[in-house]
Structure formats: structure tokens, C-alpha cells
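Across the two complexes that follow, chain A remains constant while its partner is chain B and subsequently chain C.
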Partner chain A sequence: MGVFVFRRLLQGILVLLLVSAFTFFLVNLAPGGPSAAVSLERTAAEREALYRQYGLDKPVAVRYMQWLSGVVRGDLGTSLTQGLPVSGLLWQRLGNTLQLALTALVLTALLGVTLGVVAAVTQNRLPDHLISSVATLGMSVPGFWLGIVSIILFSVKLGWLPSSGVASVGQSFSLLDRAQHLVMPASVLAFTLLPNVVRVARSAMLEVLSSDYVRTAKAKGLPNRAVLLKHTFKNALVPVIAILGLITTVLFSGSVVIESVFSWPGLGRLAIEAANGRDYPVILGVTLVAGTIVVVVNLLVDVLYAAVDPRISYD
Partner chain B sequence: MTRKLYSTVSFFLLMGVFGTAHAQTADFDPDATLTLATNADPTLNPWTPGAVVESNLINTLVFDQLVRYDKEDLTPAPALASSWEVAEDGLSWTFTLRDDVTWQDGEPFTADDVAFTFNDVVLVEELAANNGSSFGPVEAVEVINPTTVRFVLSEPFSSLPYYLAYYAGILPEHLLGDAENPLSVASFNKQTPVGTGAFQVAEFVPGSYVRLERNPSYWGGEPKVAGVVFSIVPDPNTQLAQVLAGELDMVTVSDPALLAGVANNPNLEIVEQSQNVYYFVALNQNDPRFQDVRVRQALLYAINRPAIIDSVLKGYGEIATGPIAPLQQALYESDVPNYPFDPEKAKELLAEAGWTPGPDGILAKDGVPLTIEMPTGQFGYLVPATLLVQQYWKDIGVQADVQVLEWNAYIQQMFVNRQYEATLAWWSTPPTPDVSPYYASSAAEAGQNIPGYKNAELDEIMAAGRGATSEEAQIETYREMQEFLARELPYLYLWYPDIVTVRNVRIEGMLDINNPAAFQYASEWYVALTP
Partner chain C sequence: MTSAVAAPPVRRGRFWRKVRRHPVGVAAFAVLCLLYLTVIAGPLLYPVSPEATDPLNILAAPGGAHPLGTDELGRDITARLIYGGRISLSVGLLSMLVGLTLGLVVGGTAGYFRGRVEGVLMRLVDVFMAIPSFFLLLVIVTVFGSHPLTIIVTVGLGFWAQMARVVYAEFSSYRGRDFIEAMHSLGASHLRIMVRHILPQVVPQAVVLATLGVGWAILSEAALSYIGLGIQPPLASWGNMLQNAQAYLYVNPMLAIYPGLCIAVAVLVFNLTGNALRDILDPRA
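Coming up: the complex of A and B.
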């Protein structure tokens, strides 16, 4: 196991290196430039001056080596539009994204697995149909629409929840205040991700329920509860963990749409603003963070497989 | 009868007395805080490259300028400078500064700060300060004494005060003077900037909000609201929802289609404002087809501008006649050639120019069809407006090939590389008649003269305008210029959009004319006490 983890980490570093090189050349070769320079108000002379200030007058390959040598020393560069160190920006935004992501993940996992199991157990009966309908709805409704509609309903009409942001302006830290701000974006995010988990959990459960050992367990007279929890559920977990792993990587690298609609200062919003303004160092910083998250989560998922299913072993 | 009349009169007199007393003791809430929106993290230095629309209004509250707009007609009015005069030869301007101004950290404001702002920041080309190129004719700023500065010019520049009123905040030398690049001091730009303005920054939470509080020693009198919060809300739909929910007090709406839910809310008012903004179609003047004025005129005759204003702008706009918008009351000239929607006239003009219908209905000259490459960018309503223009041109046999680009890539292609034949865009300029940055032959390749229009006669008129020393001469020259532009059409003028702002009715004392001016008088904003 230890060797496996070590080897996977080495592979991960290689992956990050390739991803960073690919992204670097891709964004630098894409049309456009930093928004301060590529704007309607700029004269050609000013634009040249800015490109010199930003070091963009050097060839792309040279710039990549400079950037890489900075990264190795822990320096991710300075944001072109914000004028702040990229690492600081990433830390700030990562914290907010993790808050939102973890909440949404817990909601998705608990609700998704529960609903999936219930649907499987009540296959082709009313609860199953209800759950499937809700799942289809969640899958087909776009997140930004649901976000805006929730704001209009819960903030504008009912006035129950704050419409956006992470906390109220100018107040000292309050858990209740934070929670109130978190409820809507986390729920909307969970609702749009839920269907994946429900469907996978349901079909995995159904598959296991029709297997021989479950029939045996029922035949030898085990109570239903024990059959479900001990024999069925645990064995249905592997695909569920796989889908949760996929969702986690999406969530942790920031949800662009939900973060924009709810003015949530997370990684996703940082990424989209950086991409629009061609803020190269920030684009690369976000890519690195997102890449690291994918590598680590995938590794964790593989380790979890082994823990859940003794047949899986990496030695 | 007499007695009754007497008592009625005294009743009203008493009412008057009480009314005034009420107004004097408690007419506004000194603890009120206004919450406004901005769409991204601002940069709190008006000259830093990249500090644009998300920062401009915040910086207007924090930093004062030498000159601001007049409340009525937007002509230059005193701010940090109490008066100014131009030398007889037009080659220098002397500004007298107020002597009662201090920076928000308590240091006195002096002529050295003005000289620093210009000599060491704005005029230094390598720094590429915002709007730096607007001050091209300024050679240096000399300090005469602590309350007098002189702008030394290389050529007459009658619009100097207008540019000094356009996002041209004065920076503190004592804080930025030692910086290698005064425009990229992160602790200033992103944390605690220091200006002389009505409000000072109390807290900047990145990605969330900027909180300003009143500057009690403001030279224009203590501001009446305790603070102004700028909430960072990127999504325009969310901004509007927040105004409806009362979480925001004001928001500027870029797409009038969003206004549907606002009209019947008693707490909100829709304020239509004007700025010097005009939309246009630029026809690339390096393309010989567009060098023929008849072709340009025909392509404008073919566009049904009122219909586009009705459908795309929901009526919030009026037909443009040139680069000087009607809000420049003293200089705007409406009696110029105009081009009402007339497809027949358009076809006639094109026929005169040699373009006749080909076999497929598309106009052609010498066998070459009149097809136009028309890139557009994803921003505001550029795409729908471009598609409508394409349709109107198609109706007269002109084929425009529209290519929709991501915004940043569009600017690169259209503006930096000038790879386009026609494109629809806009200019937003200070309310000055000096339009040479957008029209001068010298600005054709490297500057903001996007169509690349070159005309020596126009250059002469604009130079005469810059050199005009009397108001009459200025009005006459610029009337001539507007007539010339409307006839020659370096750009096809489309419309002046209204800037639509939705405001909570609790905000009082805020100028309606436009936001740049309203924010220069922010110390007068107040919220009435609810009885």
C-alpha cells in the first residue's frame, strides 16, 4: 500500500507538470491579452509599455521556464489585474470554496445515498417514481436558473435568507450568519449534483439485491435490515464512492456558475474572472490547485476502494 | 371673515415655522449607510492600469480631482482647484488650489501632490496610467507655490479642465513618492488608499465588499451619510434581485430587458441618465470600398435605428448624430445631415458608387460582391444589435458575415490588430468636444481612431478647436466639426444610450444627471429620517 501511494504521488507530480505546461502554452497562445492592455481605451504605445511591465514581451517558452522556476521555489507570481501575489489569492478563495464544497458534498452524499437506497428498495413503486422524478428535475434544471429563482423566492419575496456573499458586511464573525449565507448556494449546488449520486446508488443497490448471496442471506432467514445494511449496502458502495470522488473534484475546484450567481468569493469565480481578463498567473495558479485536488482525491478514492472491498488490493 | 382669513394665514405661518424647524433639527439620518454594488474586486488607485468600471466610482469617493463637473451642465467646476486661467498663447494653464485640504491621514494637501501625480505618474509613459494618453499635450506640471500649479503645454489644449474632471484623482506624494511604481503599491491599491475625498476606506474584504466611512474633515463639509459599502456582486441578475430585496440601494442596469420587475416596486425609482457615450459602426478605411463617402452614407441610410432602439434598448436611447452627445448642451448641434431609415435611398447611393445587384441579389461592382467581414464580441447587447444591422444590410443586397468572438479576443482582433471590415462598438468619452483622440489622422494606426479615418481638413478643424480661447470660437469651430462629421461619417453614428440606474427612493440629495457627477458630490447624499 505504501509503495502504491508513493508511486501514485510521483505520477501525480508528473501529471501536474504536464497540465501546467499544456495550460501555459494554451492560454498564452489564445487570442487576447491582459484586460488592462487589451482594452478599448489603450493606445499602442501604452499597450507596449504594459506588456513590458508584465514581462509579456519575452517568448512564451522563456516565460514558462521563469514561471516554473518560481513555482519550485513556492512563488506563483503576481496577478496581472489584482497586483497581488497569486498564492495569497488562492488561499483566500480556496477557504471559501472548501466551505461551500464540503457542505454541498455532505448534503449530496447523505441525501443522494439515502434516496438512492430508498428508491432501490421500493423499486417501481411510488417512492421510487417520486425520487426518480426529483432526480430528473435536478439534472435538467440549470444551476444559474435555480440560483436566481431561489434568490427571488427566499430573499426577495420571503426575505428569509441573505441573497449572496459569505457573511454580512462589517460584522464580526458569527457562525449563524455564516450558516445563513451558506444555506442557499450549498442547497442549490447539492440539488444539481444529487441526481448522479441517486442514480448510481439506486442501480448499484439493485444489482447487489439481485445477487446470489443476497438471496442466500434472505433464504437463511436473516432480518431484512441486516440483509440491507450488512450484505447489500456495503457491497453497493464502490460505484457510489467513485461518483462521489468525481463530484468532489468538481466541487473543490470551485463551481463557476453557483459562485457567480451567489457572489461567493471562491476559486471558480477567481478562475472565470482570470480567464476573461487573461490574468495568466492566476489561471495557472487555479489550474495547479484544481489539478492537485484531482490527483489527491483520486488517490483517496482508490485507497477507499480497498478499505470497502477486500477483494481490491494494491500490493 | 377677516378674522377667519387671519387665522388661516397664521395657521399656515405656524406650519411653515414648524416645517422649517423640523427640517433643521432632523432632516437626515447621520448613521445611515448606503450599499452599492460593483462587479469585481476594485483597484483603489484611479490611475492603475486595469482599474476601470469596477473601480471608477469608488475611487471618485476616495480621491478628489482638481476639477469636477458642474451640477447642471457638466462643464468644469472647482474642486481641489478653486480657480484656473489659461495664458494668452494657450500654452499654459495656472490652477489655484484650496488651502484647507488635508489627506485622510492628516497630512496637508499641497501643490507638490499635484505635481507628483502628473510628473511622476500620469506623464510617465512606462507606467501606462489609465487615460495617460489623454494628457498628451501636457509637458510638465510646475509648482509655483504651495497653492499654485502651472500646467505647461506643447500645444493649446482647451479641453484640459474636462480631462482633469474625468477620473483624474490626485495621489498623495508622501505615501507613494518613494515607490518604484506608484501604481502598483498593493498595500495602497488593495487595502488602505489615502485620498482627500468625502469617504475613506475602512475595510476591504477581497471578493466580498469594500466598506467606506465618512471623512469627518472633508473640505466640502462633513458627509451626511455615515458610510458607503460597495458589495462585490458579479452577476447582473443577482444585483437586480438584491435591489428588489432592499439589500442594495442602487444598481446600474446594463441590459434594459432586466427592468421588468422594477417598475411596480414603490421603493425603487428608475433614473435615466446620460453620459457622453455613442454606439457606432466602424468601417475600415483601409478598405477602398469604404473610402467612398456614398457607400458609408448608404450603409447608414439602410439601418433602421429607431427600430433597434425600441427592440434592443427597450427605448432607452436616442439617435446619434455625432460624437458630441446632447448632454453637452452648449456645444451639441442637432442641425446636421441625418440619415433617416431609407433603403431606397441607400440603394440609389450604392448604385451611384457603382454597386449594382448581381444575379444572386447581392450588390456587386466589377463582378465582386459586396460582402463584409463583421466580427462582434460577447458584451452587453453588441451581438443582437450586430445581427439586426446584418439583417438591414441584407435587405439592400449587402452581405455581412458576422463572427461572434469572446470579448477579450474580439478587442484583440478588432482594436489591436484591426482585422475587420465593419464592426459595431461604442465610445465613452469625457463630456468634452475635443474628439481628436478618436478622429485625428495621427491616431489612425496606433491610437483610438479605430476606422483609420484620415482627413487633413478634419485635423485642422480639431486643432482649431483645441486652440480656441473664447467660448464663441469654440462653439463655432465645434459646430463646424459636427457638421463635417455627420456629412463625412468617419463612423456610422447609431445611438446615444441612456444609462439606466435603479435607485432606492430613500437615497436623497444625489444628482440625477449622471453617476460620475453624482459621486463627485457624494458628501451631499443623505437618507431622510423616518418619522
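Coming up: the complex of A and C.
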């Protein structure tokens, strides 16, 4: 196990290195890169001074190595538009994004598994058809539009929930206020991820339900509940854990847009602001952080696998 | 891989019999064709400019001269939906083609050849799978700007890695099979074996994935345009119509409803068609 985790860790670091190199060179070699961004409306002398200030007079490979050695020490450079250290900006926003993403993930997992199990148990009957239809519909509705529609419904028409931000401005911290702000974005984000989880949970349950040992368990007269909970559900969890790992990638992509709909000050909004302002150090930083989270989650999923399914061992 | 058993070619009669068992899929496909016909022929049937403003009728309610009302500049919503649909639906289709082509070439090459080619190409696929696709879109759009062509290629790039994995798995299952060796000894080139003999086996899966991919691409374009980094105004797309609409939720919430409905319907029919195709074409599903 230890060896396996170590190997996967090395692999993950390699992937992250490739991700960072890819984005860094893409950003720096493109015609609209940083050198173009700092050259707008400047005299030749000013341009040269700026080039030197940002180190743009050096070759790209050298700059990449410098940037990388900074990253290792926790220094991700300085934001071009805000003049603040990128790591500080990321740190500020990371908490908000994690709060949103984790809430959505928990909601998706609980709801998705429940609905998937219900669909499997009532296979080809009304509840199954209903759940499958809603899942197909959920895959087709743009998450950000769902966000706008729920703002229209719950904020504009009914006035129940606030439409934006993490907390009411000018109020002291209150858990209720926070929860009220969180509920809509987290639910919308969860709903967009739900269909995948429902499908996987359903088909995993169906597969286990049709296996020999479940038939045996039923044949020896175990009550339905015991068969479902002790024999089926536990074994159907393995593929569900796998999909939850895959979903984190989608989750962070989705949160970019959802954060934008609800003016949620997280990493996604930071990325969009940076993209609009051509703030390259910030863009690189956000991509690196998002990539790191994905790699770490996938590693965790592999470890969880082994914990849930004793047949899997990595030695 | 169970795919070692080559799928028997679906015979014509059986294909249609299978199609008849999927009325939802057929209906979805019909709606899909209707959507494309509407946006292609729409301007002929409804000759109103999507960019002409009607300053006296700003944010007008549906009815009268403007069947679905007007937006904040007095532009006709119906016309903008039709022209926006042109953009959104063609970006969806073309992005899918970009992703499909890249996925087939990279996945096929990596699956057919072993060794270093395989290693390098599949690591590249891993990298693309590790970056949340939307961040990748942001990076590329930041660097290359928001020209519609850039958007098409970028959205396609968010989709190709998945396609490459599927094609790779399929191609590598044919490695070392007797008929490949036989082809080789008869003097067939690698390219000929790949295109004429392995590619047809991948077509069912690729078609299904590509159909679902168009839906995904339409969603991505809409999201990009919604946050202001996709199709730029005055050009209309369903996504950027939503961006403008959010500012007028209190005045005219319907502005935000129509484009979203269009996106949802378009993506839904692609998904339903894709699901039906999976049942019809894929012998293993």
C-alpha cells in the first residue's frame, strides 16, 4: 500500500508538472501573451523597463524554471492587475470554493446514491422511470441557467433567499445567514452533478442485485432489508466512489460558472476576473491549484477503493 | 477487454427494427433536425434583423410586432434566438468535429502503436483529463481571444481526451490479432490497416460519444459566452443572451427564460438521440 501511494504520488506530481508546463508555455508563447499585455500603449523605453521588471527579457524556459522554483517555495508571483501576491489571492478564495464544492459534493453523494438505489430496486417501474427521466433532463439543463431560474423564483418572486454573495454585507457573522447564502448555489451545483451519480449507483446496484450471492441470500430466507443493506449496498459502493472521484473535475469546472451566477467570491470567479483582465500569473495559479485538487482527490479515491473493497490490493 | 470479439455488422433490416423500438430517440432526432432547419431557414420565414433596435419598445412584453418581446436595447428576441441558435448549434457541431478528429487520430495512433508513441500520447491525454476542462478553456480564451473559430477549437479541446481514451481502448484491443498480421504480410500499410480495418469497428462507439459530445459542446459554449469570454456581442448566441438578461431579472425575467430553454431543448435532444444510438449501435451495451 505504502509503495503504491508513493508511486501514485510521483505520478500525480508528474502530471501536475506537465499541466503547469503546458499552461505556462501556452500562455507565454502565444501572440497575446504577457509581453503583449504589458506592451499596450507604452513607449519603447517604458516597455523595456516593464519587460525587465516582469523578467520578460529572459527566455521562456528560464522563466518557467524561475516560476517553478517559486511555486515550490509557495511563491506564485504577483498579480498584474492587483499588485498582490497570487498565493494570497488564491488562499482567500480557496476557502469559499471548497465550502461550496464540498457542500455540493455531499448533497450529490447522498441524494444521488439514494435515488440510484431507489431506481434500481424499483427497476422498470414508475419510480425508476421518473428518476431516469429527471436524470436525463438534469444532464441537459445548463447549470448556470438553472441558477438564474432559481434566482428568479426564490429571490425575485418569493423573496426567500438572497441572490448573491457569501454573507449579507454589514452584518456580523451568523451561521443562518451563511447557510441561506449557500443553499441555492450548492443545490444548483449538486443538481448538475446528480445525473452521473444516479446512473452509476443504479447500474452498480442492479449488477450486484443480479449476482449469485444475493440470490443465495434471498433463497436462505433473509429479509429484504438485510439483503439490500448488508449484501448489496456495500458492494455497489465501489463504482460510486470511482464516479465521485471523476466528478471532482466536473465539480470545479461547474463551480466556475455557478460562482459567477451567484457572485460567489471563489476560485472560479477569480479565474474569470483574471481571464478578463489578462492577469497571467493568477490564471496560472488557479489552474495549478485546480489541477492539484483533482490529482489529490483521485489519489484519495484509489486509497478509499482498497479500504472499501478488500479484493483490491496495490502490492 | 471483451471487445476482442469483433462486432458483427448490423444488418440493415435489424438496424431499422431496433430503431423502431426507440420512439423517444426517433422523436428526439426529429426535433434535432427541426432545430437545425429552423435556424438555417428561420431568417427566410422571419425576416427581422437580430441587431435592429426599436428604441420605443425597450424590454417590451411578448405580443404585437415582437412575438417574444424585445431586450434591453429594443432588439427582437425571436430574431436573436434564431440567429443565436445558428451560432450555438454550429459551434456545437464543429467543436464536436474538432474533438472527434483529434480523439480518433491521437487515440488511434496510441492504441495501434506500442512503446514510446503510446506512452507520450497517453500521458498527454492524462494531462488533459487532469485539468478541469473549464479552466483550460479560460486559459486558452485568455491567450487567444474570443474569435468564434477559437471558441470552436477550444471547446473541442475540452472533449477530445475522453474520445481519445475510448478509441485507444478499442484500437489496442486489435493489437497482435491474426487478421492484422495477415494484412501486414500482404503488404498493407499501417495507415490502411488503421483506417480500413480497425476504424470501422470504432464507429458505433464514436458516433454515440460524438452525439453526446455535441450536447456537451453546446453547454460549454453557452457557459463561456454567459461569463463573457465566448461569442462576443453584437453577435448573438444563446449563452451571451443570458448574460445580458441577468441584469434585468426584476424587469423582464422572461429574457432569461427563452435562451435557456433553447439550450436545454437542444442539449436534451442530442442526449436522447445519443442514448438511443447507444442501444441501437453498440452491441455490448
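Quick notes on this one:
One rule holds in what follows: the second predicted complex is superposed on the first by the 281 of 315 C-alpha atoms of A that agree within 3 Å, B and C clash if a C-alpha of one lies under 4 Å from a C-alpha of the other, contacts with A are read in each partner's own complex, and residues count from 1 in each chain.
Here, contacts are C-beta pairs under 8 Å (C-beta built on N, C-alpha and C of every residue); 3 or more make two chains touch, one makes a residue touch a chain.
Here the structure is a predicted model, which is why all the values come from computation and not from measurement.
When the two structures are aligned on the shared chain, A:F252 is found in touch with chain C, with no touch to chain B.
Of the two partner chains placed by superposition, A:Q180 touches none, neither chain B nor chain C.
Of the two partner chains placed by superposition, A:T122 touches none, neither chain B nor chain C. Touch criterion met: A:T136 reaches chain C, while chain B stays clear of it. In the superposed model, A:L18 lies in contact with chain C only, and not with chain B. Once the two complexes are laid over each other on the shared chain, residue contacts for A:S260 go to chain B and to chain C alike. Contact with chain B, but none with chain C, is seen for A:L80 once the two complexes are overlaid on the shared chain.
Judged by the touch definition given at the top, the superposed model places A:R93 against chain B, while chain C stays out of reach. By the touch criterion defined above, A:V156 reaches both chain B and chain C. Touched by chain B in one complex and by chain C in the other are residues 30-33, 148, 151-152, 156, 260-261, 276, 278 of chain A. The residues of chain B lying in touch with chain A in their complex are 35, 40-41, 43, 48-50, 52, 125-128, 130-133, 181, 184, 186, 189-190, 203, 206-209, 211, 229, 231-235, 237-238, 241-242, 244-245, 247, 405-409, 411-413, 415-416, 425, 427, 443, 445-448. Against chain B, the residues of chain A that register as touching in their complex are 30-47, 49-50, 52-53, 80-84, 89, 92-93, 96, 148, 151-152, 155-156, 159, 162-167, 169-170, 260-263, 265-266, 269-270, 273, 276-278.
On chain A, the positions that touch chain C within their shared complex are 15-16, 18-19, 22-23, 26-27, 30-33, 136-137, 139-145, 148-149, 151-152, 156, 249-250, 252-254, 256-257, 260-261, 271-272, 274-276, 278, 280, 283, 286-287, 290-291, 294-295. Considering their complex, residues 123-124, 126-127, 129-136, 138-145, 215, 219, 222-223, 226-229, 242, 245-246, 249-250, 253, 256-257, 259-260, 263-265, 267-268, 271-272, 275 of chain C touch chain A.
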